[in-house]
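Think of it as A, B, C, D, E, F, G, H, I and J in the order they're written, each chain with its own count starting at 1.
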Amino acid sequence: MVYVVEMDVHIPETWSEEKLADYVAREKACSQKWQSSGKWKYLWRVAGKYSNISVLEVESPDELHQIISSLPLFPYMTIKVTSICKHPNALRETLL
Amino acid sequence: MVYVVEMDVHIPETWSEEKLADYVAREKACSQKWQSSGKWKYLWRVAGKYSNISVLEVESPDELHQIISSLPLFPYMTIKVTSICKHPNALRETLL
Amino acid sequence: MVYVVEMDVHIPETWSEEKLADYVAREKACSQKWQSSGKWKYLWRVAGKYSNISVLEVESPDELHQIISSLPLFPYMTIKVTSICKHPNALRETLL
Amino acid sequence: MVYVVEMDVHIPETWSEEKLADYVAREKACSQKWQSSGKWKYLWRVAGKYSNISVLEVESPDELHQIISSLPLFPYMTIKVTSICKHPNALRETLL
Amino acid sequence: MVYVVEMDVHIPETWSEEKLADYVAREKACSQKWQSSGKWKYLWRVAGKYSNISVLEVESPDELHQIISSLPLFPYMTIKVTSICKHPNALRETLL
Amino acid sequence: MVYVVEMDVHIPETWSEEKLADYVAREKACSQKWQSSGKWKYLWRVAGKYSNISVLEVESPDELHQIISSLPLFPYMTIKVTSICKHPNALRETLL
Amino acid sequence: MVYVVEMDVHIPETWSEEKLADYVAREKACSQKWQSSGKWKYLWRVAGKYSNISVLEVESPDELHQIISSLPLFPYMTIKVTSICKHPNALRETLL
Amino acid sequence: MVYVVEMDVHIPETWSEEKLADYVAREKACSQKWQSSGKWKYLWRVAGKYSNISVLEVESPDELHQIISSLPLFPYMTIKVTSICKHPNALRETLL
Amino acid sequence: MVYVVEMDVHIPETWSEEKLADYVAREKACSQKWQSSGKWKYLWRVAGKYSNISVLEVESPDELHQIISSLPLFPYMTIKVTSICKHPNALRETLL
Amino acid sequence: MVYVVEMDVHIPETWSEEKLADYVAREKACSQKWQSSGKWKYLWRVAGKYSNISVLEVESPDELHQIISSLPLFPYMTIKVTSICKHPNALRETLL
């Protein structure tokens, strides 16, 4: 099953530059681990914003949550989750 | 360049079933023409809603508008357009 | 997989009482068919509003969409879909 | 009487990891106490978000408030409360 | 149990003046029947708007829904329902 | 003249428990002083939320502001103020 | 007492030009009657929108409602009502 | 003085194709008259939406309103008006 | 030209009472300087809220910004700016 | 390709005046570098708000993101990005 997930990052104002850099580095490692696994299909930057739109193909809603909530910045993001399925007008046989 | 577009359809309440069926048929033909052209990459149904999330790869913002505004239901949709680009954490070299 | 779905009904102002009664009757039959199937687990009325909160257990997002979009009033509802999973603090082993 | 309650948690950015861990542990104990009592019927995680949807069956609005406000993270949550009742189309005789 | 209910009326633009007058008259009769019953405690006009704020004391959420949904204009109102209980700072022993 | 006021409290995350307890105690004393004066007619807790709905009968908008702004937590609340008047369908002769 | 009232007009799409012209003419006469009475102090057009911001000085909330609800377009406006009072930093002794 | 104006068009569902074509033609003529006058500096289409963003340089707020309200589709648009001025970081001496 | 400006103040939670008192005193001096200049025509308190509605008559949008941004609490306010002009139904010849 | 970008700045409350002044100075230098490059075409202040509306002409969405995200205050702004194209009613041959 496939989800489209939009994440808006809100950087805490009280964090030092070191703390922020540490989080950003761990965020990158974490998201790349999931991309390598084949489950995080697309990771796009929203042009001009501290946001991304992602497409994930997972076994279950629990696996989606496991992936998203493992991100170090998870508590500091506003997240919109959309469950998608086949559109009757789609020519493509599969979602991805 | 790639756009993520979310379209929410609002069926006019005064339309007859025939008029609606006609619009739905022309909508399908139009969206499939653009899918066949290779520009409308993904057309996903939002599960449980009269909405879709689409991914389009176009030459320019003008071409994006040409495609979306050619849809018969274009005047009856609420549309959200997001311009996307490469994410620094993305492993994939290209957007699609 | 389990979804919580909230549906707000907007009755078209131009419909006759007969047309409305016909839709309401078909809406009832349709929702009861899905309840009988065991997939539409809970159908609750929001007290004081023309809305419901429902819990559905389905095989896939496609099945969720098949059920919701089969409702006659589907084009006239504002729908919020939430995909849920196991909470780490939940004592219950399964979702339902 | 039955309520559907949606809670979105906003983790304070200034909290240390120890303070947060302490709150999370006490939150778990508190919510499980109420689940064990039989009043907190369902506790679901919203997939991909730091939110839950819960179903509580209580004696009165006062009891609902007693339960929700006893959660350690209560002051740091955005909460939506929905009072539900029997839907005329529901096949099930009781709400739960 | 006590609810505070806010109702915003949206008069359909296609209704004739006769149809509107008929609805308004039946709305008045209906709301006064429930006021006379002692369950609809307060009915206040929001100054300057086609809205009211009401306070109802009912046996159950089902009874609240029975009352509100019996109003002829029910399908044409946006309704906000708030379940209230005793405030720890309140001097008054009962809600009403 | 009568106002319905809804106050949502946002507890500052950086406050110590002592500071919070001090504010809460002073908030209680202040609201009870105004209740005793007969001007703050109703103080209701919104079930499940850190919010209240209040009904105040005052001499003027200035007096309303004097009362609400004297609350110690006034700067940390989101406040909605509604001026109400007699509803044409109300059976009761006076507002309260 | 003084209110600031913002009114956004939504012209019904099904009205003929004659019906609209009739409403607009009656709206003008009605608002000018209240301006002449000295109660409707200011009537400002929001530049570029079908909206106005008005300042009314009335005896009571009931009188405010009497004035606003007498406007022929009252059912087709979204209205925001703000009750104002003396600001502690204001040099002017009175509101108007 | 310069304004940025965003206009979202909502095509009435009950209009015939002829009526709509007539409005669209008159809309074009009207907007081009103002562009020719030199006051309507930029008229941009929002890619993928039935919306425009415009920049107008006018003598006064009254002139802005005269221009915008002369558009035939004015009553059927949601309009956002922003008054702009020189930014302290701007290198350009004038706004346009 | 005349603007209606609504300012909602958000007092920073981390400020000491001394810092806040200092800001409030400087805010008062600043707003009174502009009132004395004759440009800040009205400064009204929104009853029951930490907000004001103001009416300013200025030479240009730049002057409006100079005044508003000189307020010490400017960075901690949510501000809504409305440019107004003569209403066709207004009896008064001038705006103020 | 051309984007209209609206940026609302939220100054962190915990920053010292020195830290803020440092950020503001670097923000100015950064935005002027991009204006000098010819890519940041317009930088307008929204009158009365800590916001700007900007027009940028860039090679790609990636370049837009490179510019906007290089601003020191980027993490502390709410940003709205709009991709624009030629309007069918525009007399001007090019966007800028």
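Note that in this section a residue touches a chain if its C-beta (ideal position, glycine included) is under 8 Å from a C-beta of that chain, and two chains touch if they have at least 3 such contacts.
Only a predicted model underlies this, so the values are computations on that prediction, with no experimental measurement involved.
**Student:** How many links in the shortest chain of touching chains run from subunit D to subunit H?
**Tutor:** Between subunit D and subunit H, the shortest chain-hopping route counts 3.
**Student:** Can you give the rotation angle that fits subunit B onto its twin subunit E by Cα atoms, in degrees and rounded to the nearest 5?
**Tutor:** For the C-alpha superposition of subunit B onto subunit E, the angle is 145 degrees.
**Student:** Select, from H-J and G-H, the pair of chains that is joined by more C-beta pairs in contact.
**Tutor:** Per the contact counts, H-J leads.
**Student:** Counting only Cα atoms for the centres, state how far subunit C is from subunit E in Å.
**Tutor:** Once rounded, the distance between the two centres reads 26 Å.
**Student:** Distance from the CA centroid of subunit G to that of subunit J, rounded to the nearest Å?
**Tutor:** Distance between chain centres: 38 Å.
**Student:** Mind pulling the subunit J residues that touch 2 or more other chains?
**Tutor:** 2-3, 13-14, 45-48, 61-62, 64-65, 81, 83-86
**Student:** Looking at the whole structure, which two-chain pairs count as touching?
**Tutor:** Those chain pairs which touch are A-B, A-C, A-D, A-J, B-C, B-H, B-J, C-D, C-E, D-E, D-F, E-F, E-G, F-G, F-I, G-H, G-I, H-I, H-J, I-J.
**Student:** In the complex, go through subunit B and note every residue touching subunit J.
**Tutor:** Touching subunit J from subunit B are residues 1-3, 60-62, 64-65, 81, 83-86.
**Student:** Mind pulling up the subunit G residues that touch subunit I in the complex?
**Tutor:** These residues of subunit G touch subunit I: 2, 4, 27-28, 31-32, 35-36, 42-48, 52-53, 82-92, 95-96.
**Student:** Please output the residues of subunit F touching subunit D within their complex, sorted ascending.
**Tutor:** Answer in residue numbers: 9, 11, 13-14, 45-50.
**Student:** Flag every residue of subunit C that touches subunit B in the complex, lowest number first.
**Tutor:** 3, 5, 12-15, 61-62, 64-65, 68-69, 74-76, 79, 81
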